[in-house]
């Protein structure tokens, strides 16, 4: 990464660290969804950008994470967040292997449709197994222990803007570092080569199905962890969490932010969460506005908002440099 | 014999692209396959490299039957190829394209958390290959932005980086301008010597190149082997001259000009 | 007929063509020769309206076509066979040829135009029902020219028609082009191989680094050792 990039990231990190102290309570609470979705999208974008596979059923993994947290905290009374995360990684991995073995044989629209189908299958499974999952009423998620510490004596809002905020931020940082290493590893380069030209990759000895499957599994695990982070914020899991529109939201965030940049999807979650909050307080049909926005971005700047920002940044820098040279 | 095809046939629907073809390549040979378009040359390469399954017959690599093995497995066994229409990774830089091959050869592809940038071994070997092919000045260039000739070289370079035992080149100089054809061939020959690839099989239309570089020439027509022998033998085969090499009737102006120039220089 | 007047063409921010001018009179055969990346394909694509010149103009039969879109230009009577053939992979050989007759009606009937295409490339008649994907490189090249011909064009643009063809097939295609010449259209051929400049070329243009550095009759270039050296590597 370039120096300016690192400086930029550190500035954002510093801001996030002090944000609970300076920001309004409600806005700090919204930031939690940003952390959760950002982790989920790290997984989604490993498939979408780096492997060239568009999953249209990725909310399934948010569901795996969310329902795991719900089961463990409210059904089995195991409130430890770390247990939820570990079990989710395990379960997401297993689910991803089963679905992936079928899906990664296909690419493009066929892959998207298959993942969509599995997402919907999981949705109806949650709806039908009323005795197990509460059907359409869903399940509640209890406040988790963080690092073995019980915060139930704390006011809920205080818990969210205090311990849970920093815990989520910590998970996001760890997940980002892990994903950064993955996409910059030999494995990551092989994935990109498969995306660009699978025939050629195969001739260079890259087993494309094996790589795609592993990418799918890793992707599912990250998105699952995102789901675990999301569960306590909503306090409740219902089948709507795995409905295809939720998968669509993930695609939307990624496209708006900019999929070809590592940090693009994160910017997308900020835009999505903020806009949804603002617009839905004025009109009921916030999806209408979102649709128009997405269309505008795809037409005007296919690289997403982050591309607009980076272009702007280089432009300004060039101007400054030109100014220096002139003087 | 390193690579051998025994009585292979291949059909596309009712159309027979290869009919009972048998050829053998010895270690250390430079073999050219020539023939009119549609003679089955590319199909032959596709079958030999596992991209297509023959409908009948057997393909042996070092005496072992390799039928049914795909390109991935064959590439790890030591068979590599380049393509008639260039196959590159459009969004990857030149150096990364070569690195893909080296990662594959060193079986490092499943290293999930290792830093590629800090892997000196991969980097140095990629650099070595890039230098052999004269690409060292363009390492960070994105493949899709390179001119056709560079793409062609990159396609071949990444195949060479696998350090295969045999390499199959499908029209290595097609689409390359006259002035660059010999340059490319010289680069290929030098690179294979340095890397230690002893055996080369190429499909090529430029007869000057075919006759000046080959140890052996296999001429094909309509899915069959028409002739198989040394350049001197094939040159005397009138059927081959008639169906493959052809007369230059429509192109006399420049053939005359160029040969006059050559004589002048001599 | 066709006149390209001092065009400059940019792709992204780099200038690919500089002040390129080129003329093809009625029934004339023009050959544009240059090395890879010299700007041959860019010139042809600009004529076809895929690219817009920053400066200069292109006119066809007295009409300015600089700002026209590709399909309009094609319907004015310019047939284009691109370097990569650009045939429709899922259509059969016959359908690929037929499609030209639907987009533009001319004095000749559809049957007549299709027949003509097969007459010039008899080999294709045997592959009528095969899909584009099942054709070899050379067959695709022929089909691409046949398809452009079935448009019944006034001007035929062939981007490297001999590339990737075996010597005998090169001769065969060259003969077919000779047959086409007799039917009267003007022809522009681009070529990177000096040995593939056909004898029936009337005017030769040499392009290097985006500029035309020579134009004249093919025999005249023989005197220009410097230019020969550029296109052939050795002189």
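Should a chain be cited, it is by its letter among A, B and C, assigned in written order, with residues numbered from 1 in that chain.
Convention: a residue touches a chain if its C-beta (ideal position, glycine included) is under 8 Å from a C-beta of that chain, and two chains touch if they have at least 3 such contacts.
On a predicted model such as this, the values are computed, not experimentally measured, just so you know.
In terms of inter-chain touching, the protein chains here are arranged end to end in an open line. Closest to the protein's overall CA centre, chain by chain, comes B.
Chain centres here are Cα averages; for subunit A and subunit B they lie 44 Å apart.
Inter-chain spacing, taken between the CA centroids of subunit B and subunit C, is 28 Å.
Per-chain CA centroids place subunit A at a distance of 50 Å from subunit C. The set of subunit A residues that touch two or more partner chains is empty. Those residues of subunit A lying in contact with subunit B across their complex are 178, 181-182, 184-190, 192-193, 195-197, 199-208, 211, 214, 218.
Listing the residues of subunit C that touch subunit B in their complex gives 34-37, 83-84, 130, 134-139, 141, 160, 163-171, 174-175, 178, 192-201, 218-219, 221-222, 228, 230-235.
Within the complex formed with subunit A, the subunit B residues making contact are 49, 51, 70-72, 75-76, 80-81, 83, 87-92, 96-97, 99-101, 103-105, 108-117, 119, 122, 155, 158-159, 162.
Within the complex formed with subunit C, the residues of subunit B that make contact are 12-13, 15, 34-39, 42, 84-85, 147-149, 171, 174-183, 205, 207, 242-255, 257-258, 260-262, 265.
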